[in-house]
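The letters A, B and C name the chains in turn, as written, and every chain counts its residues from 1.
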């Protein structure tokens, strides 16, 4: 009997919050750029909380005020860090207004410190919501910073993330628990019917000009596409058609001639299209965002 | 009696140099950009001195040869790092000429390793000079680097900073003590008289195109401005007027319509002006530097 | 007798692979840029392998698909890190094709994880090849990543580098030993005859627009050039002459008037040419790569 209790105790310990213990890693994202001292000051504040923290960057080149892209970059990157990692995302056009400052704990054990303005749209959907707490700024705010109204990123978000990541505070000490929901940005989800797959272009692979969709590999598999198959790809901005071609579906760019349009599955396992060693986005004036739609068929 | 001695001993310990003991953190700034290996080589040299150091960046996008901006970025960022942090700033148009290579210890306990060419103008003024030492390059120079004449950043500054930060050398071992003064760049300080406040535009908030002045919140408070008040802002390049408008003074951008010009107090607690969710600098062709003046009145 | 054995044992220990033991430092280079989450995801994977690793960047602004520049940046930077450092370089236009994924151990004790597509041209030549192993991707591949065909940088290179740097695997466990040779990019080496020195322009000092050659200081010394001497510099793109002037050879830029063309020895101890406080590359439309030649004479 005692053994059964012990077994249950172990189960409870393993599945409780302690399974999501912070690991001392903090990852920063923002739309601040790296040309001034803003990002560095956030890291200085974190070092002031605990010099044992390990600080990394996601990106600071989120286009100014582009909450959608902040949401997408988190979605793309968070899962590759170990559980217990604390992320800070500061893309905050409504700074000082009534949006909540929150910390989300995902079902995968990642913490995200951010204004709840849509930034959490995709991680909440894909990684799940374990718990959300509102930051109590009376407690979790850099000392002597209350004369300044505009730099929440440094004085509240970086400071709170560092305190959480360094076990200076427990998750419960962030502030009061909120309902398990976040502000959602509207966007077209991927759907498949009658051999036609529809989706959006959430983001470009900027460095190369490749176009990434939100259509998962599984829907493409259902179309029966195989490496070497031809696939028809149509792209619309709102309702205006901008691209309509049959292109080769490849496993790797090496399978196609340089300069050819090719379709492929990207590193996030989504359907994508590129000019082999060229720039698809520039060539066809195709960009990203909720107003861009893609239609894929055999 | 013995207790009094103990008390005095503790006082001496607390107020002596040991209160400014290096903390193992080194922060790098330069005008090198990040497209080649120069910044990385500086960090490699630091790791070669001691792999226990913690290395961060301030920015490496200081415009080439722009000593004023290097001075401003240090001013903006240094105070947010814990005392004992060692900064390296390499913006050095006169490399190889007679400017001194120095380490400044501020009254706040921060160390700054740099050519004394004006880079220290603002930190010396705002944080105070505790002590300055000239780098003895015969000792504090990467071994086998003396055939090269041009990369002081790597061979002298990064190397000396790493040795200092890692306690490989004491501050006294940097080199001989210099008088407590630094090379000063001339600029217009903020002044207030008869309900009119004057200052300069030391820097832009580049990512957003906001214009930051050097006029402190306290001078604005003396004007009797409150959130919602209108304030007249004039901007001149040398003596040419380029902007003259009455705008709303806000606590947070959320209080004003998108597209409006707004005045506010920035994260450094200085008077600033912006287009809400737009780019003031581009819209009005207003830039920064000692030749830009701002005049604020009710 | 026993002493001789001990002496031999010590010699063997000092000269064996253990002299090149990994030091826990990983340095990342790529052509990914920093605008999305790709670089950050590589670091997340490394932290998942071992949170004790120290992660740095070389550059992520290698122009897309420019293997030559990736090779040059490694050559420029690797020697400044302590031996035992593991580098990851991902510039991989042929991803998924038959190029080998390898780890090179140089004679200087640096490890480089990369596709063997020419990226190793210059480090192999200058630092020497101690041993090369092909990555066994059946073992050295992030778990659950085999559905994705395109992100070797994250799933294979960063993962293998982190395992190697953290002693999770020994060098031998990377995979099978390959012959001591790498894929070489063709380029014109520096040569000197009859008082005329020829070479190429492997790279620009981008931030300043200075032109760097591959002509070493020793060949310039043979010409008998001294600070203050005039030197004739000719530059050709393929066989077309684009520049032909006599300029001053200086130790430091401070010796010449602002705006003058000057020749100097750069931080890599190679012959270079610049406009003092200006941009030589922009002014004369001179760029870099194997098709650019420079001829130097008195």
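List of remarks:
Note that in this section contacts are C-beta pairs under 8 Å (C-beta built on N, C-alpha and C of every residue); 3 or more make two chains touch, one makes a residue touch a chain.
Remember, predicted model here, so these are calculated numbers, not experimental data.
Under the stated contact rule, the graph of chain-to-chain touches is complete, every pair of chains being in contact. Superposition of subunit B on subunit C using C-alpha atoms only gives a rotation of 120 degrees, nearest 5.
With each centre defined as the average position of its C-alpha atoms, the distance from subunit A to subunit B rounds to 33 Å. Among all residues of subunit C, none touch two or more other chains. Per the touch definition, subunit C reaches subunit B in the complex via residues 23-25, 27, 54, 56-61, 73, 76-77, 80-82, 85, 203, 205-208, 217, 251-255, 264-269, 277. Subunit B makes touch with subunit C in their complex at residues 31-38, 40-41, 43-45, 47-48, 51, 55, 64-65, 93-98, 147-151, 154.
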